[in-house]
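Each of the two complexes below includes chain A, the first together with chain B, the second together with chain C.
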Partner chain A sequence: MVDQIRRMGGGVSQILEQIHGFARRCLFRVISMGPLPTHLAFIMDGNRRYAKKRGLKDGSGHKAGFSALMSMLQYCYELGIKYVTIYAFSIDNFRRKPEEVQSLMDLLLEKIKSLLDKESIVHEYGIRVYFIGNLALLSDQVRAAAEEVMEATAKNSRVVLLVCVAYNSTDEIVQAVKRSCMNKLVKHSEGGDRDIERIQLVDVEENMQMSVAPEPDILIRSSGETRLSNFLLWQTGNSQLFSPDALWPEIGLRHLVWAILNFQRSHSYLEKMKKQL
Partner chain B sequence: MEVVPSSQLYYTVCLLSLHNHHNFLINQFHKRMISLRVPAPSSFNLQRLNSQALERRWRLGRDCFLSFSPSCVENRIGLGVRSTKSEMAPFTAAEEETLPEGLQPELMPKHVAVIMDGNGRWAKIQGLQPWDGHRAGVEALREIVELCGKWGIQVLTVFAFSTDNWIRPKIEIDFLLSLFERTLKSELETLAKNNVRISIIGDSSKLPKSLLEVINEVEEVTKNNTRLQLIVAVGYSGKYDVLQACRGIAQRVKDGEIDVEEIDEGLIEQELETNVTEFPYPDLLIRTSGELRVSNFLLWQLAYTELFFAQELWPDFGRNGFVEALMSFQQRQRRFGGRKS
Partner chain C sequence: MKTRLVWLRNSGQTVAVGAANSLPPSSAVVRLDQMSGPVYTVPVPDMILDYMDFNDPMLALSSWIGQIGDFGLDLVWRFIHIVVTLWHIVSGIFESVESYAISLGLIQKYSSIDIEKLKCLAVVVDIEAARDVSKVIELLQWLTTIGVKQVGLFDSQGLLKKSKDMILEMVPRSVLLQETGEKHISPDRIALEFISSSDNKEAVVKAANILLEKYLKSIHPENGVGENVFTESHLNEALRVVGESVHVPDLLLVYGPVRSHLGFPAWRLRYTEIVHMGSLKYMRYGSLLKAIHKFTGVRQNYGV
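Showing the complex of A and B:
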C-alpha cells in the first residue's frame, strides 16, 4: 500500500516534469522560427551574493550556481545552440582569500570528475569539453582531471562546451602574441618569411585558445553588472550584450528566451553589416 | 475497427494540412514575441525627453535649414550649425561649475569613453538629411567636452570613425572627414584657450593628406595642455590597435631588444595607441542609441570598464544623459575579480 502511494507520488512529479518539458519544447519550436545564435557565452556572477541573500553558508552559493548552470546547458543544447562558453574562474579570482580559492578549486575538481560519469550531461548530449585558460596556474590534480576530460570527450562532435578556468582575456592575447612572434621567428630563421613585422590578424587569431569556436553571438552576464571583467574581449566585439538583474543561481529559462528574442531583433541588421564587410 | 486505405489517406491529408496550419500559427506567434517591446530586466536607462532637449532640437533644426544654402556656408565661421553654445567662453578655475546634485566628486571617473551612435537615425526622425545629423552630433560632443572639462574628468575618448565605417557610401565618408577637418580648424583656438589637449588615434593611412596636416598641427599646438585630454579615434578599431602593438613588439624581438619570453601585458600596454595618456583604461564607456554592443572599440582597454547603454540617440544625449550615466557609474561596485567585504 505504501509502495503504491510512493509510486503514485513519483508518477505525479514525473507527469509534471513531462508537462514542463512539453511546454518548453513548444516554446523552443516557436523561437526556432527565427535565426538562432550559434555561440552563447555566460559570466556566472552573483553566487556569493545569492548565498548571503538566502542566509546560506559560504560555499553553497557556488553549488546552487552549478545546478543553475546544468539547467542552462540543458536548455541551450535542447534549443540546438552548438557552442556554449562559461567563465568559471578568472586569474583575478586568485587574489581572493586562500580558503575561498581552495574551496572553489575543490568544487571545480569534484565537478570536473563528475563530468566523466556515465550519467553526466556530457554523455547525454554528446558534448565535447574544452578547458581554456592558463592551466599551468592550476594545481596538478585539477589540471590532470581537466586534461582527462578533454581527452575523453575529444571524439564528441555534436555540441561544444568551453570552460574558461584560470582565464583572462588579456592573458590569452599575450599568449597568442608570443606564439605568433615565435612562429614568425622560426619561419624567419628557416629563411622563408622575410617580413617578421607583417604579422596579420589571422596569425594572432589562429593562435588564440578560443579559436576552436566562432565568436559569441550573445554574452549574458547575470547579477545586473554591465562590464566584461576581462572575458573574451577579443571575441565579443560584435556580440550582443545582455545583463539581467537576476543573480546566477536565479537565472532561468525566461532570461535565455529574452536574450535570444533580442538577438533575433537585431540579427538581420548585423547580417547585412557582416555581408558588406 | 478496420481502417480502410482511403480513410488512411484522408487522415494523412488532414494531418498534413493541420501541420501546415500548425506551422503557420507558430510563425504568427513568433512574430508577436519578436515585436514585444517590454523593457528587458536590466540596468539600462530609458529615454527622457524634457522641454530643454526639445527646444534645442528645434533650434538645431532651424539652423540646419538656414545653413543648408551655399551662400550661408561661406559667411559662417566654422560649422554650418549654430547654437547658443558655439562660442565657448574661456573659463577659469574660479568659474568651475559645481557638480550637479547626486554626484560625488571623489567617485568621478578619470577616463570616460563614448561611442557617438545614432546621428543618422536622429536626422531621419527629424526629417533632416544625414549630414545634419552629424552636425548635430558635433554640437552634442562640444557640450560633453565642456562638461568633462568643468567636472574634473581627465580623459575623454570618442569613437568618431571606425575601420568598419569605411564601407559607408563615399559621399558620406567624404563629408564626415571634411566635417572633422573643419571642426578641428575652427575649434583649435577655443580648445587651446581652455587648456584641452587633443590626440588622434587610429589608422591614419587611409585619411586624406589635408586632414593629416591639420591633425599634426592641432596635436602640436595643444600638446602641453593639461586640463582635459580629448582623444579622438578615427579609423580605429580595438583589434587593429592590438595588432599594431603586436607588430611593434615583433619588431623589437627581431631587433634583439627583448626576448619572446619577456612579452607580457605591460609590454603590450606600452605599445597600444592609447599610450598617449596617463590613464589609458576607461572607467566608463557610454554608448548611445540603445545598441547593446561594443562594436570593436577599445578592446584591450575595456577589460574592467563599466558599460552604460543609453537609449537616446547621440544628438539628444546632452547634459541630462551624461549625468544619468555618471550617477549609474557612481553606484556600481567595482571589485576587479576580488571580493568586496
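Showing the complex of A and C:
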C-alpha cells in the first residue's frame, strides 16, 4: 500500500515536471518573438548567505548554487542563447579562510572532472567550455583538469560557456597589456631594423581573454548587490545590468524571464549606443 | 532591423539569393515574392529557408496555419510587454510619491545622511540628457546641498567636457579636480571632474605604451629580459602619468533609460555601487537622497 502511494507520488511529480517543462517551452516560444540576448553573464553571489539563512553547513550553499547554475544553463540553452559567462571564483576570493578556499577548489575540481564524462551535458548539448582567468594561480590539478576540458570541447560549437576562475577584470586588462607588449617585442625582433610598433586599441582588445565571446548583452548579479566586483568591467559598456534580490541558489526562471523582457524593451536603445561608439 | 542575406532552397538546391528586411520565425515557410532586393552571390548566408511549391494545397494550408500561429504568438508577446510597461508605470508612480515625501522631510530615516562615507561620487549621463546642461547644473547644485565633496561627470561623447567652463561657473563653490588637488579641497567646495570614453580604453592603450617603453628601457643586455612592469600598480601609475584620474568612485548614479555604466572608465569601476536613477529630465531630489542613503548602508566584503 505504502509502495503504491510512493509510486503514485513519483508519477505525479514526473507529470508535473513535464507540464512545467512544456509550459516553460511555450513561454520561451513567445519570448523568442522579440530580440534575444546573444551573451548572458552571471555573478553567482549569495551562496554563503543562503547556507546561513537555511541553517545549513558551510559548503552546502555552494552545492545549492551549483544546481541553480545548472537550471539557468538549461534555460539559456532552451532559449538559444549562445554565450554564457559565469563568475565562479575571483582572485579576491583567495583571501578567504583557507578551509573555505580549499573546499571551493575541491568542488570546482569535482565539477570540472564531471564535464569530462562522456555522457556529460557538454557533449550532449554541444557546449564549448573556456576557462578564463589567471589560471597560473590555481593548483596544478585544477589547472590541468581545466585545460583538458577546454581541449576536449574545442570542437563543440552550439553553445559557449565561459567560466571565470581566478579572474579579475583589472588582472585581465594587465595580462592583455602584457601580451600586447610581448607581441610587439617579438615582431620587432623578427623585423630587424624597424622601430618597435606602438600598441593600438585593437591589440589590447584581441589579447583580452574574453575576446572569444562578444560583449555581454545582460549581466545578472544575484543577491541584490549593485556592484560589478571587478567582473567584465571592460566588456560591459553596452550591457544592461540587473540585480535581483534573490540569493544565487534561489535564482529561478522568473528572474531570467524578467531580465530578458526588460532587455527587449531597451534593445533599440542599446543597439543605438553600440553604433555610436 | 538589419538587412539579412537569405538563400532560398527548393529540395536542397539554392534557387534564389536575396535580402530581407525582416526575418520570419524559422518555422515559417516563405514565399519567393516576400524577398526584395537584388539577387547576388554571397559566401555565407544569414539564413537558409526551404520553400515549398505552392501548387500543392496541403502545403499551402500548413504554411497558412504556421503563419497564423506565429501571428498569435506575436500578439501574446505584445500583450506581455504591455503588462511589463504597465508595471513600470505603476512602480514609477510609487517612486515619485515616495520621492516627494522624502524631499518634504516626511520620512525620518532619510533626514540625516552620513555623507562622510561617500568620498567620491560619479554621475553617468546619457548622451541625449547631456545636451541639457541646465539639468546637470541643477543636479550638481543638489549634490552640493547634500554635502558631496567630489563628483565625476561622465558622458560617453564628452559633451559635458565641452561645457566644462559653463558648468564650473554656474555651480556655486565648484572647482575643477586636479590630480593632486583632492586632498586640498576646502570643506565648503565641491570638486568636479569631467570624464568621457576617451578616458576609458584609449587611456589604457596610452598607459600600455608607457609600460612598453619602460620595459624596453629596462631590458638587460645579457639575458634580454626586462623588469616586470606588468602589474596592476604599474598600470595604475602609468594611467596617472597619462593624466587620468585613478580615484575609484564609491557610488555611480546612472541617468538614462537603461541601467548600464555606458563605458565609464573600466579601471575605476571595481567596487563601485551602480544605481539607476531614471531619466535626467525628470530627476527627483528625493530619489537622489534615497540612493545616497542606501549606499551609506552597504557593507562590502571585497571578495573575502
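Here, the second predicted complex is superposed on the first by the 253 of 277 C-alpha atoms of A that agree within 3 Å, B and C clash if a C-alpha of one lies under 4 Å from a C-alpha of the other, contacts with A are read in each partner's own complex, and residues count from 1 in each chain.
Simple rule for what comes next: a residue touches a chain if its C-beta (ideal position, glycine included) is under 8 Å from a C-beta of that chain, and two chains touch if they have at least 3 such contacts.
Note that the structure is predicted; figures quoted are calculated from it, not measured.
**Q** Assess the superposed three-chain arrangement around chain A: do chain B and chain C clash, or do they fit?
**A** Partners clash after overlay.
**Q** Check whether A:Gly224 is in contact with chain B, with chain C, with both or with neither, and answer first, second, both or neither.
**A** So A:Gly224 only meets chain B here.
**Q** For A:Ser180, is the partner it touches chain B (first), chain C (second), both, or none of the two (neither)?
**A** After superposing on A, A:Ser180 lies in contact with both chain B and chain C.
**Q** In the overlay, answer first, second, both or neither for which of chain B and chain C A:Ala136 touches.
**A** In the superposition, A:Ala136 touches no partner, neither chain B nor chain C.
**Q** Could you look at A:Ala246 and tell me whether it touches chain B, chain C, both or neither (first, second, both, neither)?
**A** In the superposition, A:Ala246 touches chain B alone.
**Q** Which partner chains sit in contact with A:Val204 here, chain B, chain C, both or neither? Use first/second/both/neither.
**A** both
**Q** Just one of 8-16, 26-34, 44-52 or 134-142 in chain C runs into chain B once the structures are overlaid; which is it?
**A** That would be 134-142, the one stretch with clashes.
**Q** Do chain B and chain C touch any of the same residues on chain A, and if so, which?
**A** 29-31, 33-34, 90-93, 95-96, 169-171, 173-174, 177-178, 180-181, 184-185, 196, 198-201, 204, 225-230, 233-234, 236-242, 261-262, 264-266, 273, 276-277
**Q** Report the residues of chain B in contact with chain A in the complex, numbered from low to high.
**A** 26-27, 29-30, 33-34, 36, 40-44, 164, 167, 237-239, 242-243, 246-247, 249-251, 253-254, 260-261, 263-265, 268, 291-296, 299-300, 302-309, 332-333, 336-339
**Q** Within their complex, state which residues of chain A touch chain B.
**A** 29-31, 33-34, 48, 90-93, 95-97, 100, 169-171, 173-174, 177-178, 180-182, 184-185, 188, 196-201, 204, 224-230, 233-234, 236-246, 255, 258, 261-262, 264-266, 273, 276-277
**Q** Okay, in this complex, where on chain C does chain A touch?
**A** The touching residues are 25, 70, 73-74, 76-77, 80-81, 84-85, 127, 156-157, 197, 200-202, 204-205, 207-209, 211-212, 215-216, 230-232, 235, 257-264, 266-267, 269-275, 298, 300, 302-304.
**Q** With touch defined as at the start, can you tell me which chain A residues reach chain C in the complex?
**A** Residue positions touching the partner: 29-34, 90-93, 95-96, 169-171, 173-175, 177-178, 180-181, 184-185, 196, 198-201, 204-205, 225-230, 233-234, 236-242, 261-262, 264-266, 269-270, 273, 276-277.
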